[in-house]
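One chain, chain A, links the two complexes that follow: it is found with chain B in the first and with chain C in the second.
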Partner chain A sequence: MIGRVRSRTSRSGIGIITIALPLTMFVILSFTASSFFTAQNLGNVGNQITALLIVSLGQLIVAVSGGVDLSVGSMLSLTSAIIVTFDPAIVIPLAIAAGCVLGAVNGLGVAVFGVHPLVMTLATATFVQGLTLLVSPVPGGVVAPAIEALAHGRLFGLQPSLYWCTAAILLCWLLLSRSAFGLRLYALGANPRNASLNGVKVVGPIIACYVLCSLAAVAAGIFLTARVSTGDPTIGAAFGLDSITAIALGGVQLSGGVGSVPGVILGVVTLGLATNGMNLLGVSPFLRMAATGLLLLGAVSLQRRKTIGV
Partner chain B sequence: MSDTAERSRGLRLLNMATALPIAYAGTLILLLCAYMFRPALLSPLLLLLIIRQAAPLGLAVIGQSLCMRILSIDLSFGGVAMGVSYILTSGYIPGGEGALIACALLFGAMVGLANAFFIVRLRASSVIVTLAMGLLLTGIVIAFSQFRAPGDAPALLKYIGQSRVSGVPLAPLIWLALLIPIAWFLKRSVLGHYIDAIGANPRAALATGIPYGGIVVLVHVASSLFAVFSAFLLVGFVGMGSLDIGRDLALNSLAAVILGGVTFGSGRGGVLGPAVAAFMLTFLFNLLTSFGLGEPSKLMLQGAIIAVAAIAYSARTKT
Partner chain C sequence: MTHSAGLEDRASGMKAGRELVRFEGVTKRFGANVALSDVSLTGLSGSVHAVTGENGAGKSTLMNLLAGVHQPSAGSIFLDGQPVVLDGPRAAHRAGVSTVYQELTLLPNLTAAENLYLGREPRRLGLVDRAAMRREARRVFSRLDMDLDPDTYCGDLTIAQQQMVEIAKGVAVEARVFIFDEPTAALNGPEIEKLERLILSLKRDGKLVFYISHRLDEIFRFCDTISVMKDGSHVATRPASELTRDMLVSLMVGRSLDRFFPHRGETGPDAVTAIDVRDLVPVEAAAPVSFALRRGEILGLTGLEGQGQREIIRAVAGQIAPVAGEVLRHARDGTSARLTPSPVAVARAGVGFVPEDRKSEGLFLPLAIERNIGVGMMRRSSIWSRARIDRNRLTGLLDSMNVRATGPRQEVQALSGGNQQKVLIGRWLAAGVDILLVEEPTRGVDVGAKSEIYMLLRAFADDGGAVLMTSSELSEHIGLCDRILVVREGRLVAEMPGAAATEETIMSSALTGAPFQSHAGAAA
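Take a look at the complex of A and B:
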């Protein structure tokens, strides 16, 4: 009995479906799409999911604390706009500073003023999207070679996306599973009142979560802009919902306290394979949008919550 | 969250006497601004036009405020509006105008039911569910419209959207005609009290035997239907189908509801507060356009207004 209860409330949130879904997709795609199981295409999938993985890991940190961040997409776009607009020497510090400010504003709104994270981040997402369009109204611009090298240069003959993924995974794992900060975060997400009564500070860690999440979006923005070698003020539009879909598929509970880095990796791979598969099978991009919606609905239905509502 | 709500009940009563929804002050400030810098906007003709323009948002806001009162939210308005626009104008569906309108209403009810199913039965977060539903509907409609572009709107809706009754546009009259009975109904009916009870404390409401799940279903169906009405007016204004219809409806309705003094679990601003806020937002966008501000600045202001209103509201109700 105790064993059952423990497995049900497992902190990682990884269930049978979390693991079976990407595996099944992989097998099905290997058989149905002839060009799927080629080194070229698998490399493409890796490239395509890198940015999503980085953003989703950021989203995981916020989700573990019991929040959600819809502003990651706008932050990613803003990073892209900054990179092609300003002097190459200052663009990365500038983007990081912007990420810190956005994260701090989100965190302050949520932790200090008690605004619902969705309302707060939806508002900042709108603001930042406006700012992005102000900085760079149309797609285009040139990315400095030094920044381009971040996604094109091959170190030891390996894809740069591999380094980005490894670094992001390692950082996030260390933070959540091997640090006191991570432990406190799980406690806060599971029950903020209990955590606070046990001496866990609430405001600081929550703000830190949102800052880290925005910084993840900045990192993803730098990688993505370097990879496509041009700026686009709406490049991140889909990332807010995609990252939530990915972590929900990875067994992360959006009510907080449950989620893990391996789960998020599985979720991102699932979503990446779904997108790649539909690409290979020639499904219209708009139907792919609908499919993301469907996947998201399926993913949140798998989670059992007690409360009805937001 | 419920703990802070309980603790602040005393304060909330005190606040109720002193504080009105931000929308009232905001509208006054905007009108003053217009009086000083753009007096032309205050001419009766333009004001009536702006009120007419606010009517679709006003209808959507009623649905959104109902959802938020019971601690839920509906972000699928954009998808619903697009779906309605496509049903009305694509020519796929045979039959007269009546059949088309009935179809659109049925579609709205189905979306509301689907939302409610996920939210009540599967206990999924309403934000995610309705966002996903919006994504799903938008994707399907855009994919379909590649095969068949939207055409003309039904004549009846064009008439409603564009005609006037002794100088007053019909659309705001319809808005008013829906607003007043709903305000009265929410204040007087058992259902209205149930909604307030659920917002104040869902667990207590459930424990006292209030049909919690049923009311959430009802509210979500109503909310989607209001989105359908809103889309009717929008399609009527434009006169033909468009894939742009209702794009900002979800976000703007959320902004208006918060500005109007209604937030998760609290209907303090009533029905009037959000309605005034819907006018305020529409007036603001017109004012900004008259100042020559473009889309980016509008988005920034919109975001800032939602954030500031939400922060001000939360700060006021917090102990």
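Take a look at the complex of A and C:
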């Protein structure tokens, strides 16, 4: 009975729809919205999706382990508030430290105390958002020029968003697809008990996932704040849901163990094009929000329990 | 049935190995519950060592200590004469102990090679060296004579292939001790033979194989040494050649094999039909099957694993909607009606279904015994009626079934497999059904409780009920059933009375598919 079988299982989660959706949107928008296929607009799309891509890659790491992190949006907002409130010399280390603490708390809650990731991160998201509004109750404030340069300076004449994206993609890909940590994470996401019986530690890697995810939100917060050149305590509000929608569109299975960096890039592009397209076509921003909710539902119901074995 | 001829052959091929594993005075407590008390046992290299006993006898606990899943409360474990502390699965792997669990532990989203090296991945520049991993996996697979692409995801492998990969994992780490926990539960005949060859090759390489099983046939077929556990204690370790089946069973339970199965039913060919299955096509592209289930009998559907028995019984039970055909149910009062293929309709018609996977399909594990049975008692009551459990009836039922529990309020998940099965059957008895469809009546049930479940089913049939069952254990069909239908590739290929059936006659029909001889004449 031992023989070769055609592979049906996949852990990238990329299916036909994952690839076809952004391509179709691109083609349709090129024809329907006259201002879409211009260097100006495409550069805009790139800038708009950079922060989402960074957050979504962090979300991917958590999702592969079988969790979800709703607190990324609040973390992003807190980063923004920190940058405009404290001494510019310490804001970045401070934001990174805050990210580590939030990630560690989320990870401890999930891995050690067994709190469901949704509940755990919803609680910390609310807590952190409150803290953010205490630090900086209203939008405004000045961003130090050195930090602004991170999103405006043009190294070798290229868009800074390109560097941010490349670095995030490369780091995340190395981690998930080439490191032992990544392999073990896929194992944990598929079945923590069996992974543990195979000698994989459970608690440490899960905490590490949440820390990495929070740090991704911090990075996105630095980029976004530098780009808009001012602070906003609610700038990250949409990122929790958006990042989950993006990874779901990218074929990542929210139950864990399935998902890949290329898939997430596709998902983020899909969501970015959808937002940009509706913008260009003059759709109301409220309707855009409703559409994001529908997209999440559609993406999740399309890929649910299809790619993993059994 | 005597096995002595085959046993002597094996015994003569047995080399005297040196001591590899020694448990010394090992005790394991879970809270107040003593799972193992003062067990001392020695395993030799180059030996296939059966560890057997009833469920709850402590054999799995003992092996879990060696696998690092649990740690002993007292006593010590020696590997190669050295005391070792196995404080986790990782430590056991490093010490050279490899375990093939009954529920396989491969990750479906990892490739065969990745599964083989999970937790100890070869590295290059800090990253996983995939080329080395693939190369090594190929080497191990070819050593085990497996034709398997290391890049196949394990989710795409058959159970047998997955088991091979589990064994390969142990071979890859040069494990010295292999633990097999009920490895044949999901395998068919040829796959079991392949497993036998693998186990014997491990033995030839001087490994120690601990083989946990309930199945006496396999114990005598594979093993040279047999250790029996009972109530957390080690009863005896003997060379297999010195034991017979009956001796082994009496060591396990203190009860001889001829009293293992109850008497047979008294149904003749003219008995009243309870269920008439007519040209039932359970799934797309299957052959139509027709048979009758009569009052007072236990009818077995047997065959090799995966030949369609499961689909037939599930189609009758309304668990799957059949493509064509019908199931007629003749009630005790003489009325007949067509069974609607839905679980609710079938249950309302007085037909109970006991699924093979009682934990996920049958019972409500976190709920109390009374509630699990109460569901059956309220089968006919309206959804708006008050949920009341008739306590006297419940207590009577639990007593009559000999359910061992602290009381009707105990959670079902805390019961042993045998008692869980009794609760599940009890639900239908409480519901007053007169037909039972039972899949694997004694899967994962210890020897003592097995016999009690057989009695229960027999008493049910004697009382005018009818039982249709499937089982992967041939001896169960032979010992328990009044009639046996052999299924091959979805067709009924033979029918034989249980009293006259032997493993040989069933296997020859199951393998070759001799034409179906209807002795019943009911279909005509």
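Here is the rule we use: the second predicted complex is superposed on the first by the 297 of 310 C-alpha atoms of A that agree within 3 Å, B and C clash if a C-alpha of one lies under 4 Å from a C-alpha of the other, contacts with A are read in each partner's own complex, and residues count from 1 in each chain.
We take it that a contact is a pair of C-beta atoms (placed from the backbone, for glycine too) under 8 Å apart; a residue touches a chain by one contact, two chains touch by 3 or more.
Computed from a predicted structure; not experimentally measured.
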item	value
Contacts of A:151 with chain B and chain C, given as first, second, both or neither	neither
First, second, both or neither for A:120, with chain B first and chain C second	first
Per-residue touch tally on chain A - higher for chain B or for chain C	B
Chain B versus chain C as contact partner of A:291, first or second or both or neither	first
Touching partner for A:10 - first (chain B), second (chain C), both, neither	second
First, second, both or neither for A:176, with chain B first and chain C second	neither
Partner chain(s) touched by A:94 [first = chain B, second = chain C, both, neither]	neither
Touching partner for A:131 - first (chain B), second (chain C), both, neither	first
Chain A residues contacted in one complex by chain B, in the other by chain C	193, 308-310
Chain A - residues contacting chain C, complex	1-11, 174, 178-180, 183-184, 186-187, 189-191, 193-201, 257-258, 308-310
Of all residues in chain C, those that touch chain A in their complex	69, 88-90, 93, 99, 101, 105-110, 114-115, 118-121, 123, 126-128, 146-149, 151-158, 160-161, 164, 169, 190-191, 194
Complex contacts: residues of chain A adjacent to chain B	68, 105, 109, 113-116, 118-120, 122-134, 137, 193, 241, 244-245, 248, 254-255, 284, 286-294, 296-297, 300-301, 303-310
Chain A contact footprint on chain B (complex, rising order)	1, 3-4, 70-73, 118-120, 122-129, 131-140, 142-143, 146, 202, 212-213, 216, 251, 254, 258, 264, 295-304, 306-307, 310-311, 314-315, 318
